[in-house]
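Have a look at the structure that comes next, please.
As written, the chain order gives the labels A, B, C and D, with residue 1 at the start of each chain.
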Amino acid sequence: MVHHAPNPVGAEALASDLAIRVYYEDTDFSGRVYHASYLRFLERGRTEWLRARGFEQRAMARENSFVFVVRRLTVDFIKAASMDDLISVQTRLARLGAASFDFRQTVLCNDACLLGAQVNVVSLKGGRPTRLPAEVRARLLG
Amino acid sequence: MVHHAPNPVGAEALASDLAIRVYYEDTDFSGRVYHASYLRFLERGRTEWLRARGFEQRAMARENSFVFVVRRLTVDFIKAASMDDLISVQTRLARLGAASFDFRQTVLCNDACLLGAQVNVVSLKGGRPTRLPAEVRARLLG
Amino acid sequence: MVHHAPNPVGAEALASDLAIRVYYEDTDFSGRVYHASYLRFLERGRTEWLRARGFEQRAMARENSFVFVVRRLTVDFIKAASMDDLISVQTRLARLGAASFDFRQTVLCNDACLLGAQVNVVSLKGGRPTRLPAEVRARLLG
Amino acid sequence: MVHHAPNPVGAEALASDLAIRVYYEDTDFSGRVYHASYLRFLERGRTEWLRARGFEQRAMARENSFVFVVRRLTVDFIKAASMDDLISVQTRLARLGAASFDFRQTVLCNDACLLGAQVNVVSLKGGRPTRLPAEVRARLLG
């Protein structure tokens, strides 16, 4: 039976890992990764997390059903990555609400934590927040 | 009277200048501007060149009339810009064909030429090349 | 006389405005501005805020004195901008600590608030937090 | 025995493939991939091609030996990719000169060719073109 998740989501909500190589495009003249590049990495992590649960965002947009939009994010920058580093983006669902949910994401390199993020995502339909259908909630809880 | 332009377009086709500041986002770990950032600068230059002639690309896309799409570009990288540099993108129409046209663009910094580019743009409607109406040609010839 | 600022910084700390045009590069397939593009806009705003107070970040990096690094940011996404929009990034100093300070930034378009951000910046020397000299504090308080 | 390569490089010069997923960050409001994003994809392809032959560009920059810099590129945009597409960047060495070499790159999606590029890369040391040592030439011919 599908039901509204307790808040916060328990450990049973699957996490996922995405390996990302740092390229020239991601760095800046400080010699390290540009701070906003991590936002792109985090978004790739969420995209793959969603894809693993059957959400293809291009199809969602085309079908004019609902789309997932970032409403709020907090990022703690702890340590910087550099060109050629192989980093890992870890994504897990931290909270599931009626029309929104939270991701907790971390970026690691060689077991060191580079960055922690909390990302609040809202479900929009026609530009307005919309309740997540039970079937969608079930998939998010994966 | 509007008529098809001679090929190439004469000096009467107005050039335009766009001043751009180099920010962190544009650089890479070499300490200089990332090579693909110049493509963004060139696109800004073309957008402003078109805007000055009455072409708003968001409106064009929304009205499902035609859109301008880059089909081919050649870029010569001569000298690199750095963080905080104030550069100038110069854009002029170099050729006007039936359904396409060419820009010639240069990027300067303190009178030194950093880059030269030739950009071939095609006019598409419903995904297919479409002849430029006389009114559009007149505006492109500015 | 230069002294440590009360916390938070009073209204006398000058704010600054930066006008930014939205280009193709800033948008995504949703038709709006990509969420991480705003981070680039905010960074441009801080760079110009700092430049207006005599901080050239390329020179700071080259002279191996100290550099300013983002340690934490929180962004609230309220409303989306689109291609061709002319937006405004407003930046002001919200807190000045011993080795760090906070910016409060907002992005506006036609008087509507698109985004609010709090950005915590730390002063690093040789990779470690370093106290801001009195002369630097005076300039930050503008 | 290592010797200067005939020009152009024969079929024995290994090609390499890099699979790339298209994310939000790569698209623009046209709904397709932003034209300059392909330049980032091509650069990733060259970086992996070089890595497979033992060239780590961060190490090269740090050791102040030589660096590889793009001097000229020509790109033909044939067909556009979209969000969620899985594309393939194919990279091969097309010419090896004394202090420069050419890549030929293509981007494919589901066997359709999206883009073809020719990229001229020069070897710089202290900012000046420098002859490629025999050992380096041997690795490039891989």
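Definition applied: a contact is a pair of C-beta atoms (placed from the backbone, for glycine too) under 8 Å apart; a residue touches a chain by one contact, two chains touch by 3 or more.
Since the model is a prediction, treat every value here as computed from it, not as a measurement.
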item	value
Selected interface, A-D versus A-B, where C-beta contact pairs are more numerous	A-D
Chain A-chain C separation of Cα centroids, rounded to whole Å	25
Geometric centre distance via CA averages, chain D-chain A, whole Å	30
Inter-chain centre distance, chain A versus chain B - centres from mean C-alpha coordinates, in Å	35
In chain C, residues with contacts to at least two other chains	24-25, 29-30, 36, 40, 43, 58, 61, 82-83
Chain-level touch network, classified as line, ring, star, complete or other	complete
Complex interface listing, chain A residues touching chain C	29-30, 35-36, 39-40, 43, 58, 61, 67, 69-77
Complex contact set, residues of chain B against chain C	21, 23-25, 40, 43-44, 47-48, 51, 56-59, 61, 82-84
Interfacial residue positions of chain C with respect to chain D in the complex	24-25, 27-32, 34, 36, 82-83
